[in-house]
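Shared between the two complexes below is chain A, which has chain B as its partner in the first and chain C in the second.
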Partner chain A sequence: MTGSISVIRVGDLLLVTVPPDPDDPTVGELQEGVLRAMEQYDAKGLVLDISTVETLDSFFARTIAETAQMVGLMGGRTVIAGMRASVAITATQLGLTLGGSLTALDVDRALRLLGRGAQGGAR
Partner chain B sequence: MASRTGPLERRKSTAGEVAPVDWEGRKAFVGFTSDDAQLLRDLRPVAEAYAGEVVEEFYRRFLSFPETRAFFADEARLNRVKAMQKQYFLGLTEGEYGEAYLRNRLEIGRVHQRIGLAPRWYMGAYSIYMQLTFPRVLAAFAHDLEKGQRAFLALLKIITLDKELAVTTYIAAGEEIITRQSQEIVEISTPVIQVWNGVVVAPLIGSLDSQRTQQFMERLLERIVETNSPVALVDITGVPTIDTQTAQHLVETITAVRLLGAQVVLTGVRPAIAQTLVHLGIDLSGISTRSSLAAGLRVAFDLLDLRVVAGAAPGARE
Partner chain C sequence: MTDLLEGEIGIATESDLVVARKAVRGAADSLGFSVTDVTRIVTAASELTRNIFRYAGTGVMRWHRLERGGSLGLELTFADDGPGIGDIEQAMQAGFSSSGGLGLGLPGAKRLMDEMEIASEVGKGTTVTVRKWRRKA
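Then we have the complex of A and B:
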């Protein structure tokens, strides 16, 4: 699975598109890749595009939340973008939260949210 | 609970909508044994001798009340019902109280429920039966009053079981109506309306149970994604009362919306609702709430950096 995650640099932000059905190693790889890129580019923010993700398990949810925290420690803000309605319902029912990470309806809004430096997760 | 003398048998539904009846268990609980069945069998000649006059007296009582008289429109019908009643009465002392008996009694209950005979008349009728049979049974066993007593108790047990079965059919019918109606309520779709580019409104009417919440959550989330709306106004003006469960369901919905990347403004928080929420100790501190939908709309505009400006747009004036 190595190499299945690509961290794209957009200005001073990072963009990662999560594959549809990420297994545990992929999720671990994602965290490694993101943190390396944070260090390398001194990015101000990270957008995690999960619009293709169909199932959210507890490991994935926890890793995402932790990654957001780690990115925060390295001086960046994380926005999780494009969660599907069905995934959000399942996640809520399972009691999975993303540790209060910022969220956005899509990548476009996520980029604007980070670019504007606004608070709140709804713009 | 009385210990069960017979094997606990789950029966297939025997009378349409009525759920399986644990007939052996019911008999065990009222203490109906094979001795009772034998006693009732012994009563058979007595019942046959008196059936005619008991039924006549029975209908005299029924005909003397306008509500029950209404069920017997004409003589032919009355005679037919009397014949059936006699059959029923004799059935009590038939001596066989198995599956066929159960089916027969459930069917009788269902017929009475269907013609709309209120339980008070139905149950009252059993009392009339007891009054009419008691002296006759005692008279028939004048030589052996102890046996007469046991025979009457056996009759009391089987009539109690009959009453239970009748009540069961009435409750089953009632439950069926409730199920159908709640299904209809769920099916009355909860509208999620786009009121502005980026703003949807979901007015909630009535109480929120788990099933409705699930449906509501799905619709709301789907519409948010469909319309790409970052703000959803959930209006609870039409929710009569809020309990911890309803509040929990609301919080769940709001959490799910947030995961999508949108935000909920809870509107229509009336004074009574606000009081209840505080008294129940429900924490909505992370959620924007407003008392009116109009105030909620203003919050939505603020969130979207929109300003409503009064003014003279060209062509907007009359």
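Then we have the complex of A and C:
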């Protein structure tokens, strides 16, 4: 599973699609890759697409929340997009929070939330 | 041939977490659990497998199909020869962690499953058993 994280640039934003069942090193790699790309591309925000993720356990959630916090320290905003209903139910019962991260139903809405997308601007 | 509904996996490395999640997903899927229940079971398994890896280093996960009074279920057992849990009540409190984790593992897994039992002896090891019953359609 290593090497399966790719960070895509969309204007001044970064888009990362998280694989369905990443192992711990891949989750760690995601965090490092995102922070490197933030610096390299002078990005203003990050969209984490978790629409294919079927299992969000406490380690994974903590890494996501930490990444969002780190991106925030670097001046960017993070939107977590596409959480499945079954994952949202499970995460809530487990007691997970994603810190103060913004969330969106899908990537399109996430991009619009960050001021970019088909409609070309924030609401 | 591996039986989806019964088996055993040794836990020793991070990649075994992925193997364990896949095995539990396969078992829960084939028993006909709902998508949300499959997610609950796999997530609980992930927490408990990680506990083995984090606290004991190595251990084993076993799973098998249950049948009781016409209901189907899945039982998962996580056993290790690690340091054991000194105070189970404390370990069951959300937010308590002796490892710098979030402290959600045991109490979280209990909320996601229908039944949970913990047997532990300091210096000998820990066995956590969880069960989930399929809701009748």
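Quick notes on this structure:
The rule is short, and it goes like this: the second predicted complex is superposed on the first by the 113 of 123 C-alpha atoms of A that agree within 3 Å, B and C clash if a C-alpha of one lies under 4 Å from a C-alpha of the other, contacts with A are read in each partner's own complex, and residues count from 1 in each chain.
Keep in mind that, in the parts below, a contact is a pair of C-beta atoms (placed from the backbone, for glycine too) under 8 Å apart; a residue touches a chain by one contact, two chains touch by 3 or more.
For clarity, every value in this text was computed on a predicted model and none was experimentally measured.
After superposition onto chain A, the modelled positions of chain B and chain C are compatible, with room for both. Judged by the touch definition given at the top, the superposed model places A:44 against neither chain B nor chain C. In the superposed model, A:106 lies in contact with chain B only, and not with chain C.
By the touch criterion defined above, A:89 reaches both chain B and chain C. Draw one line from the C-alpha centre of chain A to that of chain B and another to that of chain C; the angle between them is 40°, to the nearest 10. Remark: least CA distance from chain B to chain C after fitting both complexes onto chain A is 8 Å. On chain A, the patch touched by chain B and the patch touched by chain C overlap at residues 84-85, 87, 89, 91, 93.
Residue ranges on chain B touching chain A, taken from their complex, read 214, 217-218, 221-222, 224-225, 228-231, 252-253, 255-263, 303-305. Only residues 1, 21, 23-25, 54-59, 62, 84-87, 89-91, 93-96 of chain A touch chain C when the two sit together in their complex.
Put simply, chain A touches chain B in their complex at residues 79-85, 87-89, 91-93, 97-98, 103-106, 109-110, 120-123.
Interface residues of chain C facing chain A in the complex, by the touch rule stated above, are 14-15, 17-18, 21-22, 25, 35-36, 38-40, 42-43, 46-47, 50, 94, 101-102, 104-105, 107-109, 111-112.
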